[in-house]
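Shared between the two complexes below is chain A, which has chain B as its partner in the first and chain C in the second.
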Partner chain A sequence: MSEHQVTTAPAADERSRVEAAGAAPRPSALHRLLDSGAGRNLGLVAVLVILAVVGVGTADTFATASNLLTILTSASIIGVITVGVTFVIIGGGIDLSVGKLMALASVWATTVATQSFGPVVMILCALLVGMGGGLVNGLLIAYGRIVPFIVTLAMLISAQGLAERISGRRSQIVTDPTIGAIATTRLLGIPLLVFVFAAVVAVGWVVLNRTTFGRRTFAIGGNAEAARLAGLDVRRHTVLLYVVSGLCCGIAAIMIASLTTTGSSTHGTLYELDAIAAVIIGGTLLTGGRGTLIGSILGVLVFTTITNLFVLNNLDTDVQNIAKGVIIVIAVLIQIRARRTSP
Partner chain B sequence: MLLAMTEPVALLTMRGIVKTFPGVRALDGVDLDVAVGEVHCLLGQNGAGKSTLIKVLGGAHRPDAGSIVLDGAEVSFATPHAADGAGIATIHQELDLVPGLSVAENVVLGHEPARFGFTRPRDAEELARALLRRLGHPEIPPRRELGRLSAAGQQVVGMARALARDARLIVMDEPSAVLDPEEVRNLFRVIRELTAEGVSVVYISHRLEEIRAIGDRVTVLKDGRTVARNLPAATTPTADVIRLMTGRSIEYVFPSRAAPEDSGVVLEVEALSRTGEFADVSFTVRAGEVVGLAGLVGSGRSEILETVFGARRATAGTVRVRGTQLRRGSVPAAVRAGMGLCPEERKSQGLLMGEPVYRNVSLPVLSRFARGGFLRRDAELDAASAVTAQLDVRPADATRGTATLSGGNQQKVVLARWLLRGCDVLLLDEPTRGVDVGARSEIYALVRRLAGQGVAVVLVSSEVPEVLGLADRVLVVREGRVVHTSASDELDEGRVLDLVMEGEARV
Partner chain C sequence: MSDLQRRRFLIGAGVVGATVALSACTSNAAPGASGANVAAAAGDNAAAGAAVTIGFSAPAADHGWIAAIANNAAAQAKQYPDVTFEAVNPTNDVTQQIAAVQTLINKKVSALVILPNDGSQLTSVGRAAMQAGIPVINLDRVFDTPLAYRTWIGGDNYGMGVSAGTYIGEQLKARGVTNPVIGEIAGIDNLPLTQSRSKGFSDALASFGYKVGPRQAADFTAQGGQRVTANLMQAAPKLDALWNHDDDQGIGVLAAIKQANRSEFFMVGGAGSANAMRDIKADNTVLKATVTYAPTMASSAVSLARLVAQNRGMGDLVEKEVPTSITLASATVTKENVDTYLPLGFES
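And then the complex of A and B:
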């Protein structure tokens, strides 16, 4: 490039771009706001606020610190899984195996044999089992050319079976005191699990938004063929996405083993649907290429808060599930409208 | 007058049809007359507007201006269904049939014989069998799954479907492209039977000898306009037809070529083959040379380009860049060796439409802007903006959404990507398709400038003047083989069209 071109240096960050657009309005400012991740998340923030108002109005204990920590703690495990699922879905895939991969990892890490090696080996075991499952998923999808839905559905079923086989369908008690202490430890009054959740979200956000890995994930999910013709190694990247998802399952496995003091094949049942639902209402396109991690996490918080409200008000879970279903549909309807109005 | 005696009864009259897409005026005043019971041929180069015109006729596009009169009444088709109801059936190049359904189910698709809401498969099969017999293909079983038929067989089913609709006007878009000579003869027999019954046919083909054999009158399109209508198909001299197809209202200015120098060979393609697509393609490109591949859609030219790039895996042959042999079927290997491709389908193959411009530009060189995997976005945006500014991409803001750009500017974004990457070999597939006139000249100038800087360029284009104007050397591709190679000075448009279209006399 021999000529040096002076470019107006627009703010690199999307959020500051949105703010800039708000400060100096262009015709498309509203569209851009609606179209941006932050704009789509505004709806979810509003839902959370409404839920909070309802909570305060119906239950005296809702707005207490301990209740808010309860919400965050119960969000932490599904939240960690949702981070991995967000990567996969933005990358154009789907992962149905997460709940049972977590169960399998929790079982494998809590067998009598594994526990005899101590907490470090238990944690490594859970992470390796999760990543191994993800690796198998990724290889079958990227190199075996089987659609992700089928591969991860098969993984869900076989991980369930393997977890039952290893555990003999019994809950394996966590005897290791260190692992057991993870769920009971508090720092500054906040449970350690919440810190783990926050750390995974923070790392996930940075990787997704600030690294070449994250950028390539968006590119491959947005248009795999264009990414391939631009020279990206789409298949290798696809494998890595499922490994990331598996890694999150491994982390979640340790968290749930600690929280319930058991490793069990019954852990994580239907977690895949909760995670996918959170990702979708968080504004991520199920077809890939677009989405935000913050949206997914807000989605998790919305669902967890609903559960909390229903528990506080002694309402049945069936009503709660109806409400969740309705919220999914409304959120997606709003997204479709927002996309139509955007240029 | 003699003419008055033969003046046919008009079935369809289209006047002044205009259809504009963002950045392109696809139709700019098209007239078409079709008489009852005639075979009316539509001729024109790729991009002349034939496909857009038949989509307007079939209700897939709504024209911006102009009138369509059918049987004396002005009509306007909002949907393909409306056109269908008016008795217009289109047999598209890409057949709009459902591979997973049976032959009979395809024939009656959308109009299944039914009683009380229950389909009557027997009736459908009877109908299909009768129509297939009439079409000279009684051997096609109505219950066979359509996807298991050959391309020609599927074509026949497409015709049966048009007949099942009792169409008064059947539009056939290059029906002979997938047929062998025997099947073409059969197709013509069916067409003659149809016209004898008063059905009209609009017939599109690149093969002039077919048009002579089956056509009654010819309308020629060029650059979205009708340049001649109702010429007698049998007697109009070929030279006149080609002159009408090629004579341009817009003269593109091609930048002058530097005298070819004795530079080193950069790209060597040797005996490259891909089963079913092309065979035994060999050529070399020197630094600073532009080599053009001329050929029809489906001749294998795009497949050759994509195979050279590794996007398709060659079944035989080698590709070398500066002497280094590339791994087959590996795009990353080709890109590492300094190759870049601007693909044929910009939107589906080239761009991330949902992402801002700068992210499309930086895609192949992301790691250049990363430290330990972390992207330095300012550096990325600055570098991408510098290239898009150099190419005068408008609007200049590289953070704009790619989907908001015009076709020409989108093409520049794809080019900017490889400019930023820095290429020794640039492969361009239809670089000016859907690109407006202004951006065209800029792209031409850019290609010549890159060649001037020593880049080896391979250009595929349906537009013969573009190939002749830009390339130093031209390879003519027909039916998966290179049938002619010469310096572009030694060729003219008519000669290339001749080579490109020269079907074996099929009828």
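And then the complex of A and C:
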């Protein structure tokens, strides 16, 4: 990569170059399919199919529209957060603060003072708090030169503390009818939260795959030094990545405030691990530079479907967690196999 | 100013402005909420006794119930001119709580009220206090040995399940429902208190010939309640009754029921939050009753600590000393009696 020259379109084609290099010796249609987005996520698709078969076999209500919409609604909040985390991880970072940043934003947006200004201010407040948290993360990482793991861990702890401080460790009940209505509104029979989720994924996909911002993210995650030599402002881009993640937390905060009708410091506990697990089983490299958004979303759907299956069959929560662990390993194993057989 | 400078200035000003605007949004002064439940000093026990200092240690609040415990204890102590109240910083860390209680022992307080993070893990420090001659009032989560406390006061988890099961059983019998589908949303499953509640619930239902159908554990949070209930509504297309162990997580449970557009069943809550009681009073949700596990026990514990420290008995009892154990009864709050209990409800 060191031979990469500074050109008028610096490193914008980093990813396509890498992909082209990888794809060159595999001409067959089967191999191309395997290397496509769906192919790379074949493991997850397989797991989802298996889960669906188990679901149909064990619970009569599994394949109903209302149940599938319940799964999608449950997936919507962690799904939106996962979109942000996918950006950060592809860009070579990690964000542990997402769950508690969302909790902080939900608390901040639902205080008595904020609620008195109405729904627009509540939404703006959540978005600003999320982006503000992300901005602090990004500045400390890019300009303070502290490892992302440590910065975002510190943010997790202090966001939790601040959320507890503001809320007085109580559940703040959402009294604003507009915010409360977000979770109960349905368009064409589909909950509004699912539309929000779909919109965030769609925008995220376009930004990641069809814009310079997305290509820069892959380039920086793949090799930050090369990207810098190629003329990219790596620091500024890093800051922006964490702001994107924070923005997703802000969106998720309004969604969870609406879904649970509360803002609380207890929201989002361990969401960072769920999101990172979804990103990893979705085939994104933890070291950055390679990954897909669709994979991450499939990962989220796998986890939510498991929870749904266990509740439908009236099984214990502890067994659920064991199953999740096993499925993470199985999905990754299938992926490694699929990739090994494809060249 | 160059373009770049101007841009930086504008961005900077924007950030500062947003920060100022946001910080105005952190106020949480609820209109006219005091919240604490106290018993006015009355009867023989009201007469001022020797001045005593009561030490207090409890976990840091992670939801409304624990927050109410700390508020109630402090407010009750204020009722007595002869009591100095000394609360240590609340913490959710066992070793920190042990250290905090240790400092209270070293200060030689007259009596201690302790709600341990974990009864077993704080037993040794309870014993140390008793050996130092400081009577310990053990609040709710019981120590491993009676040697570690002078008096235990707490709620009745099994009884709470029985109250909920009995109410649901009676209601369904009265409606003549045969083979009802009865759901249960528990708190954290591996806690002994959750197991006792569930045992009481299924025992009470069994006396009516009913059994628990779909049962899931949430985690005492609104988020957990919402997630589990949304799925449970799918598992059970038709329910007759539902018991939710905890009114704080109940906010999420009710949200999920509303989002699923379900109303064919009735629901019973647990703990007795003011919010749940207001819903019961308004009678416009599926929530028709709640069984109490009242944080007023902290107020009572402070009263007991004062009597023990002053070597006095309880007013209406013949004995010259406070009993060693008091288990609070779990009341069933319904629309009929909600006005009596509403003042005792705690804010979520």
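Definition applied: the second predicted complex is superposed on the first by the 295 of 343 C-alpha atoms of A that agree within 3 Å, B and C clash if a C-alpha of one lies under 4 Å from a C-alpha of the other, contacts with A are read in each partner's own complex, and residues count from 1 in each chain.
The definition used in the following text is that a contact is a pair of C-beta atoms (placed from the backbone, for glycine too) under 8 Å apart; a residue touches a chain by one contact, two chains touch by 3 or more.
These figures come from a predicted structure and were not determined experimentally.
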Touched partner set for A:G222, first chain B, second chain C, both or neither: first
Chain B versus chain C as contact partner of A:L259, first or second or both or neither: second
First, second, both or neither for A:A113, with chain B first and chain C second: second
Which of chain B and chain C A:R290 touches, first, second, both or neither: first
Which superposed partner A:F213 touches (first chain B, second chain C, both, neither): first
Partner chain in contact with A:D233 - chain B first, chain C second, else both or neither: first
Residues of chain A touched, compared between chain B and chain C (which is higher): C
Touching partner for A:Q172 - first (chain B), second (chain C), both, neither: second
On chain A, the residue positions that both chain B and chain C contact, one per complex: none
Contact footprint of chain A on chain C as seen in their complex: 15, 18-19, 22, 24-31, 60-64, 66-67, 189-190, 213-217, 221-223, 225-228, 230-235, 237, 248, 251-252, 254-255, 258-260, 275, 347-348
Residues of chain A that touch chain C when the two form their complex: 59, 61, 64, 66-67, 70, 73-74, 108-109, 111-114, 117, 121, 125, 128-129, 132, 135, 166-173, 183-184, 191, 256, 259-262, 264-269, 307-308, 311-314, 316-318
Contact footprint of chain B on chain A as seen in their complex: 1, 3-5, 7-10, 12-13, 17, 210-213, 215-216, 218-219, 222-223, 225-233, 289-290, 343
Touching residues on chain B, where the partner in the complex is chain A: 309, 311, 331-332, 334-336, 341, 343, 348-355, 359, 363-364, 366-367, 370, 373-375, 377-378, 381-382, 385-387, 389-390, 396-399, 401, 403-404, 417, 419
